[in-house]
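The first chain written gets the first letter, and so on, giving A, B, C, D and E; residue counts start at 1 in each chain.
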Amino acid sequence: MAVPVSVYLLFLAPTAALLVSFFFLRPYKPGWTHLPILASCAVVSGSAIDLAAKVYTGWSLDQTMGLWMAAGNWSVSFGVRIDGLSSAVLAMVAVVGALIHVYAAGYMKEDPAFPRFFLSFHLFYLSMIGMLVSNNFVQFYLFWEGVGLCSFLLIGFWTHKPAARAASLQAFVTNRVGDFAFLVAIFILLKTYGDTSFGRVFELMAYGGGPLLALVGLLLFVAAASKSAQFPLYFWLPDAMEGPTPVSALMHAATMVTAGIFLLARAWPLVAFVPGLPHLIAAVGGGTAVFAGLLACGQTDLKRILAYSTVSHLGLMALALGLGRVGIAVLHLIMHGFFKAVLFLCAGNIAHGLGKSAADISETGGLRKSMPLTMACFTAGALSLAGFWPTAGFFSKDGIIEAALEAGPGWLAMALAAAALGGFYISRMLFLAFFGPSPEQKPGRCHEAPACMAVPVGFLALAALTAGGLSHGIGALLGIGRLSSEESLALAHFSWPVFGLGTSAAVAGLGLAWFATMARPSFDWTWRRRLPWLQALVASDFGWRKVVALVASACWGLAEWIGGFLDHRTWDGLIEGSVPASVALGGTLSLKSGRLGDYLWWILTGTAVLLAAVLL
Amino acid sequence: MLTALWLVPAVGGAACLFSSRKTSRLLSAVFAAAVFAYSLWLSVPYTADAGVWGVVESGPAWIFGIRYHLALDGLALSLVWLTSFLTVVSLAASWRGSFSAGFWASFLFLEAALMGVFLARDLFVFYVFWEATLIPMFFIIGLWGSEGRRHAAMKFFLFTFFGSLFMLVGLLALVTHEHAVSGVWTWDMGALAGTNPQGLAGTLMFAAFVIGFGVKIPLFPMHTWLPDAHTEAPAAGSIMLAGVMLKMGVYGFIRVLLPVFPRLSWELLPWVGGLACVNILYGSLCAMQQKDLKRLIAYSSVAHLGFCLLGVLSWTPEGVAGGSLQMLNHGITTGALFMMIGFLYERTHRRGLADYGELVGRAPWLTFFFGWAIMASIGLPGMNGFIGEFMSLAGMARALPFMAVVAALGIVLSAAYSLPAYQTVFWGASPAGSASSKVTDLDAREKVLVWLLCGLMLYIGLCPTPFLDVLAPSVAALVPYGFTP
Amino acid sequence: MRELLGFFSAPMLWPQLTLASGLLCCLAAGMAREVSASVARLLGAVSLVVALWMLMFTARGEAGPLVGLDGLGLAWQILFYAGGLPVLLSLDEDDEVPAALLLASCLGAGLLAASSSLLMLFIGLELMSLPAYLLVARLPAPGAPPHEAAVKYFFAGALASCLFLLGMALHYVASGSLALSPAPGAMGLAALALMGAAALFKIGVVPFHFWLPDVYESSAPALAGFFSTSVKTAALLLLMRLAALGPAPAGACLPWLGAGTSLYGALLALRQTRLQRLLAYSSVSHAGILVLGVGAWAAQGCDPASAAPLFFYGLVYVFMSNGAFLFVRLSGLSRRPEIAGYGSLRPVHAGLFGVLLLSLAGIPPTGGFLAKLLIFWETVKVGLYGPLAVAALATLVGLGYYLGLIRDMFFDEPKWRPAEPEKGAVEVLLWVCAVLAASLGILPWIFSSALGRLLS
Amino acid sequence: MREICFYLAGAGAVFFSALMLFQRGLYAGAACLLGALLQVGVLLYLAGSPLVGFLQVVIYAGGVMALIVVAVMSAPADDRDAAMWGVFSVPRPLVAGSVLLLGVELALACAGGGAPGAVGATGALDKTLGNVLFGPYALATEAAALLLFVAALALVSGPQRRAR
Amino acid sequence: MTPAVQVGLALFGLGLAAVALRGRLLAMLLGLELMIAGVTVILTYQAGVFGDPAGLAAVVLIIAVAAAEAVVGLCLILRLHHAGLSGEASSLSELRE
């Protein structure tokens, strides 16, 4: 099967751009580092769209490209798989990522470490692209970890900030917990089938697998939960806001957090194989969606609100997935990419306008006058997030509600709660940031973003409003070269009850937000003062952060105990102590008198012992 | 001419010893480079021959069944490469230091002894070279190390000698056992392979070998010499110590223990493999709380060698190949890390984590490369460390899945001990009185060296097949002895 | 009369006769006023070398009730004479008497090797020991308390001789002959134990060893080297002869005795602050390994041909120990701390000593390693794992002080300026000893065939 | 008769030895030893080896004892006092006793009679002794002679040697 | 065990006791002589029993050797005395451990 040039370009363009930038531009023209990278983004986007178009025509590709490692009859290969799932997500990631690149070029222009930023940024992008087109689990893992590495580098990009360092470390280590699960899953697959390519594994699954195969789905879910910030392991994502805003945008919209959901969608046959696991995923996802939505309502930092909102939406995707609606989950993933990118970039615009790296709600307000474009774009994103017809968010969120409705009232309640909460927190943010009362300082101080930042935001806002039109196309795309069952990939059909439920939830959220911010401007601050325990509860994520801190400090304490007390003092001390001990033993054994008489007595004793030994 | 591989450096060492300070440095470089070139050239006859033992060299029979017998297979070849390469790197890394002739000579002597270990096919010859490695390393640590060098050198020698005694007794018992069975006195590894002693005597022999090789690896709980030795050794010494000398233990497992005791090593896999798992977890946990960069890397070596051993013990092609490759990988990666710490130490004479901070601004290249090597060390896919660990654990997962799972926890811990240290030193705020102000970025010589090593890390990470191909015949020759499920 | 002459023409005694005539020539030359003592000593040394050379032509066999030379005795004479050479060559006093006494001592060892009767064994032992007592008094170490060691040595040695005599008498009572033939009954066993005690005393096995460090410490270094090699190996031969006499279980305690001795010696050496005393305890430790080897040899049936490991150990030890004591002599060091930094003052001498220490410690590729390996191997062959473990532990402890010396020599800064060492014979001897001690580990094929011929 | 004589001499030897053990003074000890050695001489004589007995008496009771006396006399001054005859409490009865005992034994021995059962009295051995010593045992004899020579050397060469 | 052997053993034992118990070097030397005398008794009588002239020859040689030994011992003691040291064994304990 011929591999189209576009596939090669997906890898070659970023690699070439990185090499050129690293070796030639960074040392000599650091200000130009981004140019080849932006060009590469364009090439990648073009290739991705080209591939999506090709796939739309019914073409798909699963091709082994080369041997990675081999021993005996055991081997792992490189390969690409371009099918409906990968091409749809790839197109979104490529385009949204490219736009964020453009934005970042403006946003980070002044930073002294601009080249370092851009190189890491593009590597991040490359890793995600590579992951999407992988045709086997090991290669997927390669890029999966590459994403993790870049997130480490970028979250901690401002190395001088202790919080950034801590957040990047936390992100990486937490992700490694998921990586551990992923790795174990791969080992089980290798042990069972001797192969990890998606097509082959799912094919062989029909003939059954070992008892360990049931674990694979679970382990993959753990991996996805760490990457896609599901409940027990979500905590790194809000903290990851310490990175520069474009990083957050890229991470939330395109490159990182979607990886987990994508993995589950990819490996859906494995997940569905385990009885009960889909419902577990749905429960965790729904729970996370509500949990994070509640927390998002209590945040004050613009980016943190968005971060919790991402967690909540990832939960919704997991909910859809768990209910067997992979297509809807992927659709929401794509739509979420558009509107979340716009929201983040707008938040970045605000911070940039304020001349800060992050902005708090208390510092903003009334920005509609000074930043009209940003306000417009943000509104578009917010509407999309809240799921108002006919924005992009509507199409996917309706699907989720429909899926929940079909599955049962409990699931429906979770989905609706998450939707209502989404409506609330995003409207609250919109009102407080743009419409609410200005803080003391003059709003005029704030300025609109420059063109290279505004243009991508505009495009993304447009997408957030209109991408819903693509949903049928995406639905058709997903079916091509599919590995999962047809019904799991089916999208929702419009129905009035669902429309009514979803829209009313969003409206309820919006109304409540208007009531809590515009009607009673002081409410948002006063409850924190009146109910300090509630404030504390929100700050600690309903106590979960404390649990995490406890676990971390327990691990650290264990390391201290083992490394310090057990290893160094006790065991090594024992070994080192053997030297003085043997010297002392020699001292006890020595005859200190030095008298001839004693010598003779010892000789006689020895003789007597010998005699006794011989005779007795 | 395999003899040349150890004789040339030995002669070179002697020549260095008796020449002046300047000349000896040059001389050592010439000899080391020649050996390296020769070791690369050796891959030609090696690959030309289809057999497992590409090049064999055998002397006349000696006393008591001992025979001077050297041979080169893929595994040995890869380690010969590593040795000659890291010797060149070590010498180049200490090029600017003011060392006496003995320093340069010691490295050549060390190279000679290591070559002998990897080439020997006769257990007696193997043991002689095995022990001979201790002498130059003793002097390297003791003469050119840092403050605690006297103590560390003694501890290193005594501790490893302790293990060697077990190995010696095991060897004697094995040879005697073989004589009792076959009526032939032989020390030849090939002849002893498949001897397969059983019962209590066999188990005791097996245990003696495990201790003998385990001390070198170092296998928990025989590891406590390692942090001291690595920490106090000069940078070049640490490179050789971690880069090559630790591999001797795993090499002994592959070369001697597994072929000789196939059944016992399969039956006792839960015990030995369990120790390797403890190595991984315990080493990582110890590394987490170290305040000294070199100690930290040293403990990380404890963990990494656990992966090697697990792979080798799995008796699967991928496990053995992965374990073998991991030896190479660990040599390159840890060698690079110790080298860079050496560069830092050269500038500031400090090693504490708390002595540094904010190096990213002062020494961007160093930051970049150190991060690179750290990533390779924690097994990031795309880097060499991943290939070794992945293949080892994949092999172990086929043998004893539970053990692979426990070992895989090490990848979480590796991030937890490496990255905080990296952040503290290179990213974090520079504390009061820190040595950071004295740090300058890498110069051209240092950069070339680091590029070489880091390039190899990436190359092996993405394209390990050339190396795996070299290893393949040895792996294929070993695995049939095994009792794979 | 014919018998009398036949004796001295017996070819198995030529080396001994050479030594005897060398002894007389040496004394005669010393008496003459116009001949300097060095010439007299040279005559003695020549006679030793000639005796060594004559071993090549010496025939094996019995001659009369007293003389019987087998491969063992022949091989061991190499050790005695080679062990005596360094001290003879390094004497520098203007006196021929010490040289004569040394020759007498070597002659005694030689007679011991060639004897097939307990009586001759006893006389040989005494002829070896009496000059040794005198030499301790005659050639004391610088700064040693006068006479103390000699007196201790004499009284302990005389007591051991008396024990041997009693054993001999009991053996005679039990067997009716003084020949080296087994004596039946409990009395025979008792006799064996008494004579064994004397042999163990001479070897310096715990707890018969207490005289040994005192004597080695207060003898001139080269003389201590002689004691630790020739005298010790002669006693070892005596022990082997006795082990061959006894029933198999009689030798059963030897491995444990030997292993215990090696560990004891090592532990005590660890805490010594005087170099010669340290080396003395190290020699106790080595003697323990040798006795362990004798035990393994006895357990294999006392076949002379399988004594090769013991011989090899003895041979290597001749060079290692003599070399180490010669270094002490050459450097003029007496207290252990004084050795600190010696490596930077006299790198060559320190290097040679380092090689000797590594050999003593048994690190490959030196001769000490191969020697130790062979002994250990013998114990493995007979399954004596318990004593072997103890001996291995002793090796480890031993490494502690040998390596400690190397560490102090090379890793420390010199705190003390030693006297300028003399050039000449001692330095050359040190070189020879070090080179041989090191190369015997990798060159034993030179000996492998010759040794087989010698012992079989 | 000879049997009585044997037991008498044996008891005498043991008695004098035991007496020696408890002597504080050196001269007294030496005298006791002398007594014991003389009794041993008698024992050897009784064993049918008058030559050996004679040698025993000559070498020990004669030569060696003389040397011991010299050594005692050369002891440092403060030490010598304790070893003086004056402190010697049992000399006269002891000397008298030993002389008396010797006389009785000689008389008994001369009185003849059968050899005691414990003794294989063979005077013939004495006669072959020379042949043995200078025949098959010549080497041992020579070695012993050399040993005596060495001992002489020990006495002749003091620690300070004549200057050349 | 004939009476002669018993007498010899007794002499040997008493000599041994003297060596082990007496603190004075000369007294110990006397003990040594006594031990040797005991051995000569045993050997002589046993030679008679066996009718073996070699046994007698051994006795003669032992006497000679013992004499040489005594001479050496006395010589050492004399030197001690010359050096002004007392003949007490316990005074010689400078070398120890």
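Operating definition for what follows: contacts are C-beta pairs under 8 Å (C-beta built on N, C-alpha and C of every residue); 3 or more make two chains touch, one makes a residue touch a chain.
Keep in mind it's a predicted model, so treat the numbers as computed, not measured.
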Under the document's definition of touching, what chains do chain C and chain D have as common neighbours? E
Can you name the chain whose C-alpha mean lies closest to the mean of all the C-alpha atoms? B
Tell me which chain's centre, taken as the mean of its C-alpha atoms, is farthest from chain C. A
Please state whether C-E or B-C has more C-beta contact pairs across its interface. C-E
Report the chain whose mean Cα position is at the greatest distance from that of chain D. A
Averaging C-alpha coordinates per chain, one finds the centres of chain B and chain E separated by a number of Å equal to 65
Taking each chain's centre as the mean of its CA atoms, how far is chain A from chain C in angstrom? 77
Using CA atom averages as chain centres, what separation in Å is found between chain A and chain D? 107
Report the inter-centroid distance (CA atoms only) between chain D and chain E in whole Å. 11
Listing for chain D: what residues touch at least two other chains? 136-137, 140, 144, 147, 150-151, 154, 159
I need the residues of chain E touching at least two other chains; which ones are they? 15-16, 19, 50, 52, 54, 61, 65, 68-69, 72, 75, 77, 79, 85, 89, 92-97
Note the residues in chain B that touch 2 or more other chains, in rising order. none
Chain pairs that touch, as defined at the top of this document: A-B, A-C, A-E, B-C, C-D, C-E, D-E
Using the touch definition from the top, list the residues of chain E that touch chain A in their complex. 16, 19-20, 23, 89-90, 92-97
What residues on chain C touch chain A, complex-wise? 151-152, 155-156, 159-160, 163, 186, 189-190, 192-194, 196-197, 200-201, 206-208, 210-211, 214, 250, 253, 264, 267-271, 397, 400
Touching residues (chain side chain C, partner chain B) in the complex: 358, 363-365, 369, 373-374, 376-377, 380-381, 385, 388-389, 392, 395-396, 399-400, 403-404, 406-407, 410-412, 441-442, 444-445, 448
Okay, in this complex, where on chain B does chain C touch? 62-64, 127-132, 134-135, 138-139, 142-143, 149-150, 153-154, 157-158, 161-162, 165-166, 168-169, 172-173, 175-176
Per the touch rule above, chain E residues touching chain D in the complex are 2-4, 7, 10-11, 14-15, 17-18, 21-22, 24, 26-27, 29-31, 33-34, 37, 40-41, 44-45, 47-54, 56-57, 59-61, 63-65, 67-72, 74-75, 77-79, 81-82, 84-87
